[in-house]
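Shared between the two complexes below is subunit A, which pairs with subunit B and subunit C, respectively.
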Partner chain A sequence: MRPLDEKETTAVFEKLFKFTGNNLKNIVESSSHEGVDENAGCYCFRLQKNKVYYVSEALVKRATNIERDKLVSLGTCIGKFTKGGSFHLTIQCLNLLAVNAKHKVWLKPTSEMSFLYGNHVLKGGLGRITENTTAGDGVVVFSMSDVPLGFGIAAKSTQDCRKLDPNGIVVLHQADIGEYLRMEDDL
Partner chain B sequence: MAAASAKGKGGKARKPSPKKKQKKEFFSEKPPKELEDSDSPSEEEEGEEEEEGNDFGSEIYSDEDDPFADNFLQGSDEAGKESGSDLESESDESDIEEKSRAIDEERAREEEEAGAELQLNIKEESDEFRLPTKKELEEEALRPPDLPNLQRRIKEIVRVLSNFKILRQEGAARKDYIEQLKLDLSSYYGYNDFLIGVLVEMFPVVELVELIEAFEKPRPICLRTNTLKTRRRDLADVLINRGVNLDPLSKWSKVGLVVYDSQVPIGATPEYMAGYYMLQSASSFLPVMALAPQDKERIVDMAAAPGGKTTYIAALMKNSGIIYANEMKESRLKSLTANLQRMGVTNAIVSNYDGKELPKILGLNSVDRVLLDAPCSGTGVISKDESVKVSKSSEDIQKCAFLQKQLILAAIDMVDAKSKSGGYIVYSTCSIMVPENEAVIDYALKKRDVKLVPCGLDFGRPGFTHFRENRFHPSLEKTRRFYPHVHNMDGFFVAKFKKMSNSKPTTRPSETEEAVEQATGPNDNGTNIKNNLEEKSQQLRVPSDLKDRNKMSDGGLGKRIPKNGKDESDSTTKMKKQKRKFPSRKEISKAREEKRKVLRESKASSKRNKRAKTA
Partner chain C sequence: MELQEQKYQMVQIDLGNLMAYDRHHHFPSVPSERGELVKECLQKGTELVQAIADVLFNLPSTEDRDGPIVQLPPPTTRLPREKHLPKPKPPTKWELFAQKKGIKKRKKDKIVYDEQTGTWKRRYGYDRVNDDKDVPIIETKMTDEPGEDPFAKRKEEKKKRVEKQEKNRLQNLKQAVKVGALPSHVQLAATALPITGTQSAPKKVTKDELGNVAGMAATSTASGGKFDKKLPGEKPAKHPGKYRKFLPVVEGTGMGSQEKQQTDKVLSKLLSKHSHEILDVNKAVTMFNVKKEKKRKNQQGKFSSTSSKLKPKKAAHKKSSKKGFSKKGSSKGQTK
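Right after this comes the complex of A and B.
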């Protein structure tokens, strides 16, 4: 387990910024009540076996006893680095993103299951969308009852969405909670 | 007379009866006698009965012997003739008396015969249950198993055993019945001999059958609300809207729900995937409830996969503090991490160690609570995995027990007895075998300075304090056992310890315990040498006010449980045994002498004098 270096940190923050925008500081600076101390510590990022974890400092201190190859996970995993060196967010960071998301999309109940199988969001399944979404923004996908379902990249801006035909793709799928069942081994 | 009787008969014969008509034809040669009908209904009734009786007797009809038969026949000859004339006449009265007596006798005879027949039937039924003879058993072994027959025999044996004195077969001992029951149960339900034998020893016969029946059926599916993300009521509403038929689990759980049936797959709803609930059996709630983790504590879960209990702990702690979730098998780690992430647990560190190594990694006396849900033989969850019925043998249980004993010592060593809010260890297994449960607890009580405390689960059955030849510590009644046929959850065992001090007693024999009251002066040398020596050594108990226990961590601290009465006799026997060793180690005996002198000076008591004498 080691802290991230410069390059890695920028890659991670870039990706997060797409989804959270200025709320990024919430993520980085939020106080944690984990650990046994009375004072709340901060969160930090650590790299372990190509996975990036978002943990509070108290936990990090305690985890140093554990050998590198025996440490499996700590705190929340937010993503991993591929062999090519690029960083991808995984579904486990959904909780983090959902709280701080700038752009949200709500799905109709009929198309929830389709998204959970890994398909993109079509115009016909779109319930609501936040204003000022531009193409290429990260969006977090919710169900109508505000249950976070996953996240993706907006394919069209809000204006264009209105003009789109019902089968047009609105959000490109990146991760969804169905992966916990479909791809448990890959997480 | 005869005529009068004949009249009576004739009157009776007037009643339509095919038999009588037959007889009439049969005996048509008989000269018909004068008939007079009787109008008295009672007589008619009697007559009917009597005639029926006579129908019996008519088989053995003989003219001379049976006047009634005679009359009957003659009466039947007249059956066609309808003549209604009175029977009453004075001479008839005595006849009537005779007749009534005869009728009474007939009736009595009939009743007796009927009763005898009934008796015969009953007798046949109870006699019907006899233990099959060897020959019958051999025949049965050749044929394919006859299930209804086995089932019937099992029921019969249970019935006999429950009322043994009355229903037993002569010459058959209780043991024979039980042997046969064991054979039948193992072939009907598919168990191996070992498992059936153990179960027979643990339960009375009726309960045994209930237990085995309960193992055949699955327990209801339960789920646990993830209080980090939602409340039970809200979750129940959402699931009911999706078409799931559920109910709150029981009054002892505020987060459990039991699912009766569901239109959607309960393990694949969006709520499941969003981490709002976890599918978990009801028995798995219990060890975490017993553990009762508080906020900001350090908890270790030594065998955490797949993570149901770990996530429950995190939910109770509201993501504060730290949880070390350890799992030895790599293949199960994925499901553990996935569940932790899914349920939104942020305070967990997952490691992949063998549980026995954890104290070295995490440090001794460093955490507040430990949960050990030990790997076991799985005999309590036969309803989930039928292969356990045939695959477990005595060696398997012994191996499991050995591993569990090592793990529980490791668990106890990790806990800090001086922790402000903690100092507890919870041990649980999903097995009902005594060597894996009570024996392990007893071992821990002997080897470490711990004490059993109530689990907080009042609705279970207390654990065994004695079982066959084993005698366990009396506080074992604070442990809890759960059975499928009583509590409708998987077979389970939970025990909760409080660690009293961080010291470890020295190695000593596990059979005898001695806590000898001795003040320890400056005798560390003596104690150390002594401890290095013997297998059987007397223990020194340090009064807590004299010494800081931590310093004497390997200086021979005995358990706090005084057994003074036993001590005396044991100490004398031990002395005799120790005598053998003394001659071979002169230096050590000298050291011991010196120590004893010191002790004698500090406390004068007859016990010590004896020891001095024998030494």
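Right after this comes the complex of A and C.
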């Protein structure tokens, strides 16, 4: 386990910024209430075997007692670095993103299952979408009852969404909570 | 024809350099103006070029893809030397000795008869006469010690001889340099010896530089120099292991300042890069327009209604605009 390099930090923050915008500050500088210490430490990012974990400092201190090879996971895994050096967000960061998301998309109940199977979101399944979403923005996908289902990249801006035909893709799927069942081994 | 011959007599043409030279040319009267001078020069020049062209086109030509090709004769004008004449090198130590003693050089044959094998072999090089490895038996003498290896001894002696010869060669070269008569191939190769004329001092390598270089050389093995035997007195490498330095995992009490600094730096960079996206121009424009419209409406309404009625309207209008601006940051609303 080690803290992130400067380059790695930039990569992680860039990816998170796509979804949260200026709320990134909340994520990085939020204070944790874990542990028995009086002064609440902050949350920090740690790298273990190419996976980036968002973990409170108190936990990190205790995790140093575990052997490096034997440490499997700590805190919440938010993503991993590929062999090529690029960073991808995984589904486990959904809670973090959902709270601080800048652009959200609500799905109709009929197309919820389709998204949970890993398909992209079509216009026909789109219930609501936040204003001034531009193409290429990160969006968090919710169900109509405000349950976060996953996240993805907006394929079209809000204006263009209106003009689209019902079978056009509006959100490119990146991760959904169905992955917990489908890709149990990978996570 | 006569005139032409006369012209050729006066003009010397060197076809190898494509040059025409008029020895008897002189200006009858030097024109005062520069323009006139230029014109006269050009005129004379054209005459000369014409002479060259005449002779050139009289040469036999071969047909080629691009046109007729003419083989120019070798040039006749002798140009001066580009570089200086090579200085005679000073006689080497052996040459001096030979002169004194009166030893003359003898022509040596390339192939010599080898007594040992009974064949004709080269005097030097591969498969040569009197080679050390061909000697099968060396008889011992009374002066030999019991543990000595005579073959090894011979090898060492040869090495010593070679070293001595090399030393002498270098000494001779140094003498030549003093005079300034270094052979050109050595001159080019020698960076330590100064080039004739300049007195450049040899570059001194500092202790740090040497240390760096030695370190780099030591670690440039496949395994990073980890398994190499260290010489006695050699200090351990300054940069052991990886070159990447990571921040400490957990730093003392509270969040490590270094890590915090780093994250803050990255965060601020990122936010500043995207700061231009904070303001939604379209929304701001529509808000401004709406505000203007309402103002105009109020202005019109002033003439028809009392002032007291306007105030609450204005207050309500202000509130809505404020709400709009605060909403911009976290826009959560339906599309219009």
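The rule we apply is simple: the second predicted complex is superposed on the first by the 187 of 187 C-alpha atoms of A that agree within 3 Å, B and C clash if a C-alpha of one lies under 4 Å from a C-alpha of the other, contacts with A are read in each partner's own complex, and residues count from 1 in each chain.
Rule of thumb we're sticking to: contacts are C-beta pairs under 8 Å (C-beta built on N, C-alpha and C of every residue); 3 or more make two chains touch, one makes a residue touch a chain.
As the structure is a prediction and not an experimental result, all values here were calculated from the model.
Taken together through their common subunit A, the two structures put subunit B and subunit C side by side without a clash.
Of the two partner chains placed around the shared chain by superposition, subunit B is the only one that A:Val147 touches, whereas subunit C remains out of contact.
Taking the Cα centre of subunit A as vertex, the centres of subunit B and subunit C in the superposed model span 130°, given to the nearest 10. In the superposition on chain A, A:Ile177 contacts subunit B only, with no contact to subunit C. After overlaying the two complexes on the shared chain, residue contacts for A:Gly75 are found with subunit B alone; subunit C is out of touch.
Contacts of A:Phe17 after superposition on the shared chain: subunit C is touched, whereas subunit B is not. By the touch criterion stated above, A:Leu187 is placed in contact with subunit B alone, subunit C being left untouched. Legend: residue contacts after superposition of the two complexes on their common chain; A:Glu112 is shown touching subunit B, with no touch to subunit C. Using the contact criterion defined above for the overlaid structures, shared-chain residue A:Glu57 touches subunit C, although it does not reach subunit B.
When the two structures are aligned on the shared chain, A:Thr9 is found in touch with subunit C, with no touch to subunit B. When the two complexes are laid on top of each other via chain A, the two nearest Cα atoms from subunit B and subunit C are 15 angstrom apart.
On subunit A, the patch touched by subunit B and the patch touched by subunit C do not overlap at any residue.
Subunit A meets subunit B in the complex at residues 32-36, 55-56, 58-59, 62-63, 65-67, 69-77, 92, 95, 112, 116, 143, 145, 147-149, 177-178, 180-181, 184-185, 187. Across the complex, subunit A is touched by residues 238, 267-268, 270-271, 273-276, 296-298, 319-322, 324, 333-338, 340-342, 344, 346-353, 361-363 of subunit B. Residue ranges of subunit A in contact with subunit C, taken from their complex: 1-3, 5-6, 9-10, 13-14, 17, 21-25, 28, 39, 41-42, 44-46, 57, 60-61, 64, 102, 104, 128-132, 158, 162. Across the complex, subunit C meets subunit A through its residues 244, 246-250, 254-256, 259-260, 262-263, 265-267, 269-271, 274, 277-278, 280, 282-283, 329-336.
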